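These are the structures in question, set out in turn.
Shared between the two complexes below is subunit A, which has subunit B as its partner in the first and subunit C in the second.
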Partner chain A sequence: MNKLSVVLGHQVEQQVAFVGPFGVGKTTALRAISDVPVVNTDVDSAEAVGHLTLQPSGKTTTTVGLDYGEWRFPDGKVVALIGVPGQDRFDAMWDALLPRSSAIVLWIYGDRDPTRLECRKWLQALAQRKAVARLAVAVTRVPDGQEQQVLDSVRELVTRFHPLAPVLSADPREPADVLQAVTMALVTPYTALQA
Partner chain B sequence: MDSLAMGHYFLPVLQDMVTSLPKVRCAVLCTPDGFNIASIGLDEKQVGKMAALSSSLMAVGASAIDGLPLGSTEGSGGLNVMTMEAGGVHVATVRIQRQQGADLVLMVAAASPLGVVLHVLQSTRARIAGM
Partner chain C sequence: MAFKSLLGMNERRWEWREEPDAAALWVIDASCLEPAGLSQLLQEHKKQGAYQGVVLASHFPAQAVQGGWTFLKVPLQMDKVFGWIDHCFPDRPVPIGAWTAPEQPVRLKVWPNVSRYNGLLDGKSGAIELAAACGQMLAKPCSYPDLRLACPHALLALDALLADAQQQGILTMEPKIASRVSGQVRPNEAPKPTQPPSSGLGWGLVTRLLSKFT
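Right, the complex of A and B next:
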């Protein structure tokens, strides 16, 4: 038998799931900080091509399975990063992946009217699947000059589900922003998500 | 037992499986929620990913099986084995219910004929089930 390498046990201590609507930047955020090559289950997205009015971002791929990455803290601890598909019809993946996670970052768009509707939908989906969670909400594309207003509006909704969840403005392309969202999610005290 | 202790505990069985399977590429024993217990043939950077993927494959496969109209006796008991093939390498994954302890997921990849891979996988599964 050839010498095949052996690896025992896992160094991963915690897992953070990135959730949120289609196209918001979960896969992008994961790739921005992962220390290992990110698993790619992105496929060409019919939704982006067929519904240009829904996705002005020009995004052309979508996650159908999961994204997987890892980030190593300065003290050596490893956190696994899981991106779930944003589209509703993949909710079987949410059922499989969310219960494993120590903490969740909910990414939502800051620049559209249905912000509150999307946010509520996701908060309800989380509450149904995971009664106890650490949650941080990362709001993307917040228009200049409206940060206070947008974040306060989101915060008001989020606290009804999760009284302790921090809400922050974040760009999924910026590693520093993504890391801040991850660490905030991990340090937020556990609380039951009120359905 | 923590994952490292479990790794040591199950490694001999995994090594037996790998020794008895010609042209084996790798094997992973992990938890159903995707954490590595012992792997052979993968380096450290690949292991976390493969454990997560193996468990997700089984979870998604089980949902697919449950969703199919397989008939009352066919398909009963849910997903048994998940198999894939790429360039002549067969990858087979099973979920193992243990008599004393939590379920595990076992994946093996080998360029042997599928029947051989499945036979070795199932006998390894039986051993692990009793441990």
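Right, the complex of A and C next:
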């Protein structure tokens, strides 16, 4: 008979949060790097069906709670990986999760006209929750040949909130890209945060 | 040998691997093979999943001219070889040969576009190492040898990134570290890997991730 181990207290040492607009790839990024199967709360989305033009991938589901994955280390410690719902109506969850995250990766579409508007909205939301200091901005689906232009545009906006915040292009399906974004969020100096 | 020499004259940096699986492109020297032998060789490589690279041959078997192979006729001509290189690596990040390691420690003013160098990384560990090295250079001046020690899986990417950063004016040279100038470091003392600039939670997690993915 298997012996169950008793765990007292909390094994989660730190948490990393992925935020960004609906359908950008937060859940995909989480799946790319989690050591455990991601606990997922995706459901069919009327929003997605109603705005299929916004979903080039044909995604018709959305996350209604949060997505949860983990990094597990040999000493038993755990780092929680959390995908936070993208829609405004879930902002209570942002309040609960963002201030206590060690790193936050903001995923932004690189192939949409309102990219800067979208990015500004998220940066303001993060700034209100004192969360920009631990931020990396990952831009997805950047059209071929436009990488520099798109990243420069986003970077110009991001520096108004945090002069050293990293901006990179990344594919949420690629574990190396996702790990790079998380690392950049973790190592960016805090002291550069604007008042 | 002639092919290697020609590559050496190109401004890109090349790393030769003995293990086929570790190579991004294969080079097959078939200059001594008859067309039938070359066809057989290419079919064998295709079965193994490797059909991306260049074949040096005196005759090209018609049935083998397909897939990802580029055929270069021997004796080799420089313009043909360089044309092939430009075709294969159109968006190569920088003229890597332009980077000359400075004696002074270096520091980054802002984040470079790190993802630009992902094609030069060795897996997940390389991605973490390169980002961590940039984080260190943003926080404090770092010596080039220390940076190399901290990036064993991202050496090519590190050089390319530094060369780019220097060209863009976002890399500054700092005064030499006093202890080294005054000779307080013993000559036979091995250089130590760069330590994270702070023991904060963020760097602690990066250290653990490096252990996990290396």
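Note that the second predicted complex is superposed on the first by the 171 of 195 C-alpha atoms of A that agree within 3 Å, B and C clash if a C-alpha of one lies under 4 Å from a C-alpha of the other, contacts with A are read in each partner's own complex, and residues count from 1 in each chain.
Keep in mind that, in the parts below, a contact is a pair of C-beta atoms (placed from the backbone, for glycine too) under 8 Å apart; a residue touches a chain by one contact, two chains touch by 3 or more.
Predicted model, so just to flag it, every value in this text is computed and none were measured.
Within the superposed three-chain model, A:Leu117 lies out of touch with both subunit B and subunit C [touch as defined at top]. Judged by the touch definition given at the top, the superposed model places A:Val12 against subunit B, while subunit C stays out of reach. Applying the stated contact rule after C-alpha superposition, one finds that A:Leu186 touches subunit C and leaves subunit B untouched. In the superposed model, A:Tyr68 makes contact with subunit B only, not with subunit C. When the two complexes are laid over each other on chain A, subunit A has no residue in contact with both subunit B and subunit C. On subunit B, the positions that touch subunit A within their shared complex are 2-8, 11, 18-19, 24, 26, 33-45, 47-49, 51-53, 56, 59-60, 63. Subunit A makes touch with subunit B in their complex at residues 1, 4-12, 36-37, 39, 65-66, 68, 70, 78, 80, 82, 92-93, 95-97, 99-100.
Chain contact summary for the complex, subunit C toward subunit A: residues 110-111, 113-116, 118, 121, 123-124, 126-128, 130-132, 134-136, 138-139, 196-197, 200-203, 205-206, 208-209, 212-213.
The touching residues of subunit A, when paired with subunit C in their complex, are 14, 71, 73, 79, 102-103, 134, 147-148, 151, 163-170, 175-177, 179-180, 182-190.
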